[in-house]
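Chain naming follows the written order as A, B and C, and within any one chain the residues start at number 1.
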């Protein structure tokens, strides 16, 4: 079995199993802890409505906070959007997802993806620099932050090398790229990348409480 | 360090000899300043802290603690970080030992962390170092909770972390003293039922208003904060005036008058319950349909939003902040006020508006009361905390810091160029008064309730 | 054996007179500074010179590689057989059969010991020697016997080079490649299913001209023909880059000749000369004809995830396995939560 067969076969399979098992472990391990009832008289009914409201609205910074958070917020959005475009609109990726889920959707020309990818890498570097130099970020950052950054940027970087080659064979580059995705899948449930799930759970929890109180969301 | 005990055997406070006057240029890292209560060993303190952190590690706290992505935005919302530029005041950093304990003991990956030694046990040094961060530099104002893109209620987590700190005997000594008084004597400032009654009767004379004290039955139970009783007694007169004008069947009760809850502020969950229950029991005793909270911030949070959970089931009465009561009264036309001429701006108490959801109420009142009301830039739900809440105003070593962060508030108020600043929290007023004298400032915060009471008009039937 | 034309026979057949031939030999003697008396010896040696002997062994094969070879046009098969090599043994092309054929093979081996070329097509079954035999001899025995005196071995076609179709999952005959068995002789792989005709003849011509192995890649394939991927030389590559793909075999994109990546083309990971040399003397190749490349010159091409599954698809395992992973996650999550609650209770008690 060569590296590519390994990457596309057992490596990816095991990564997906760990991803599924790990995600359920992480999320249910939180949701199934004790839940305390709230006996206060609700001003409005919170519940799912409140949860959804804050899940949506917390993506946007309130005007009062905008000026102080414009830069990190922009970086964060750009990084997520860049990753989203390169992952979901590059046609070989769409074919990959089609193989997994049977869903198909139109993609973007490769050159557009390459451009977005390069910009996203630049954003990623800016994000890392901020984390390493800003006094608040330096203080609060730990291994999880840096490793998660690495594991997220690695597929992007290995993917971008593929059209350039640097004299390395295509199959090798593809194998390394797929292995980097496997690494991402394995790490995601266990580090801060699990914010994929917690963004909904945490914002939702706060949303239902705040709406219940009639407080600003 | 000497430990004082008065003759009832109560621990008053620990005397700490600290040199804060002399030059510190030669000291690279100043000693961590922390107070200790009791004579537990370090190990026992850590055990207590862990036990009382653990009580809060339910789904809600877990969802929050697992959601943090270390984005650092919470720092930008916190007046302590913004005013000083010191990254240690990053709100989520204040929770580091609490978060560490959660991840090691209760999170979904906890067994993995313990097995592989990836998270250390919280140490006594950490808890001691964090006292300053959890108490001196947090007013639980909730701005950080609003900015967090992950929707983490950081302020609520600080409240939870304080539970562990209290039981470990690692809270600022003034706060401990005041909380002990509140639990044991019924008032943080030592106001006895008799003293309360005396001052009510004094106000009765001063304001020529009928006071109802210890009625057997009433629809409205009015409560008051010790700060108002001792420093702003006119509030009591104003309350009586308003309730009489409304024709309410109301009363004060000397067996359940204290609106403040220093159990909540200091982090003693048991005392929080005891203190709330005094009011709840009194309200039930008189068959009250409504408990009317005074101009106090955290009193609203304590009873309106946390009272039912202290009681164990929904409260059998409504809870209203005085500004909500006034808003309903003025909106319905049952109460009428003259408009005041001078220009007015309003400082929202964090626990009432931002945390409590009653932001509109004072504005409804101001609509009726003011001919020239000016909103502060960035006011309302996002306004800067005055810096005195959460028990901070009691902590004297934190005064320098409190004055520093107050500058943000000063800027916000001055931008309105209003004649008068109003608020509806006695603790905010206390802080504004103290800062006014410190800075020789043009403004202080006057009471919304008192201004309404001064300008009452005869309402048409 | 005496029917095999010598150089003298060839020259005569081509109309070169005896006189002309001797003139050539005199010139050669002068060039070599040999005395005129050597001319008869030179003439004799040249007259007797023989073309290299080639023994072609066919094992578990479909004869497609031979069919491909017969389509060669440069050199033509005839030119190859009659002018360049001496094809001493080939099941399909030889006239002899049975005992006579085997005798021909042995004679060629003896007469050219150490100098002959062995060409192999088809895989060799190790599961049971009876799966494929020739004249009662197993493929394995025949291969090992024949290569003993060979100068080099060329494995023609993916079956001989990598095990090919017989070797595809579950490989019921235990098929293996030539390289798996022959370790002490140089082996050139010329894979493809079949290989391009002119690649076969070209490799042979290259070997015979220079008498040494060409530069080979890590799979033993000549770099001259297998050094680049189909993808890198495909005329439809611009469509790949522009994001224009055929989604089905007869849709708009297919008719416009767009890239076949989505239909499973293995071009990006297949090394061969199809995109440049093409087939049928440069007429076309599968992609040009509208079908995605199967990757037939790569090891295990039959088991590379399916001809119509794109290169970028992965294998995620069975539904049962996924359900198992989900169940494991739920179980561990529940256990973690339960453990946490129990630990909380204990911690609270201690405190």
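The rule we apply is simple: contacts are C-beta pairs under 8 Å (C-beta built on N, C-alpha and C of every residue); 3 or more make two chains touch, one makes a residue touch a chain.
The structure presented is a predicted model; accordingly, all values stated were derived computationally and were not measured.
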item	value
Taking each chain's C-alpha mean as its centre, the one farthest from subunit A	C
Contact-richer chain pair [A-C vs B-C]	A-C
Computed distance of Cα centres, subunit B from subunit A, in Å	38
Interchain centroid distance [CA atoms averaged], subunit A/subunit C, Å	46
Separation of mean Cα positions, subunit C and subunit B [Å, integer]	83
Two or more partner chains touched - positions in subunit B	57, 106-109
Junction residues of subunit C, two or more chains touched	333, 336-337, 340, 344
Multi-partner residues of subunit A (each touching 2 or more other chains)	25-34
Residues of subunit B that touch subunit A when the two form their complex	57-60, 62-64, 66-73, 75-77, 81-82, 85, 87-88, 90, 92-93, 106-109, 112, 145-153, 304-309, 311-315, 318-319, 353-359, 378, 381-382
Interface residues, subunit A side, partner subunit B - complex	25-41, 43, 54-55, 58-59, 61-65, 68-69, 72-73, 76, 134-142, 144-145, 190, 192, 194-195, 198-199, 201-207, 209-210, 213-216
Residues of subunit B defined as touching subunit C within the complex	47-52, 54-55, 57, 105-111, 167
Residue ranges of subunit C touching subunit B (in the complex, touch as defined)	333, 336-337, 339-340, 343-344, 347-351
Residue numbers on subunit C that touch subunit A, as the complex places them	229, 231, 240-243, 245, 247, 261-262, 268-269, 299-300, 304-305, 309-317, 321-322, 324-326, 328-330, 332-334, 336-338, 340-341, 344
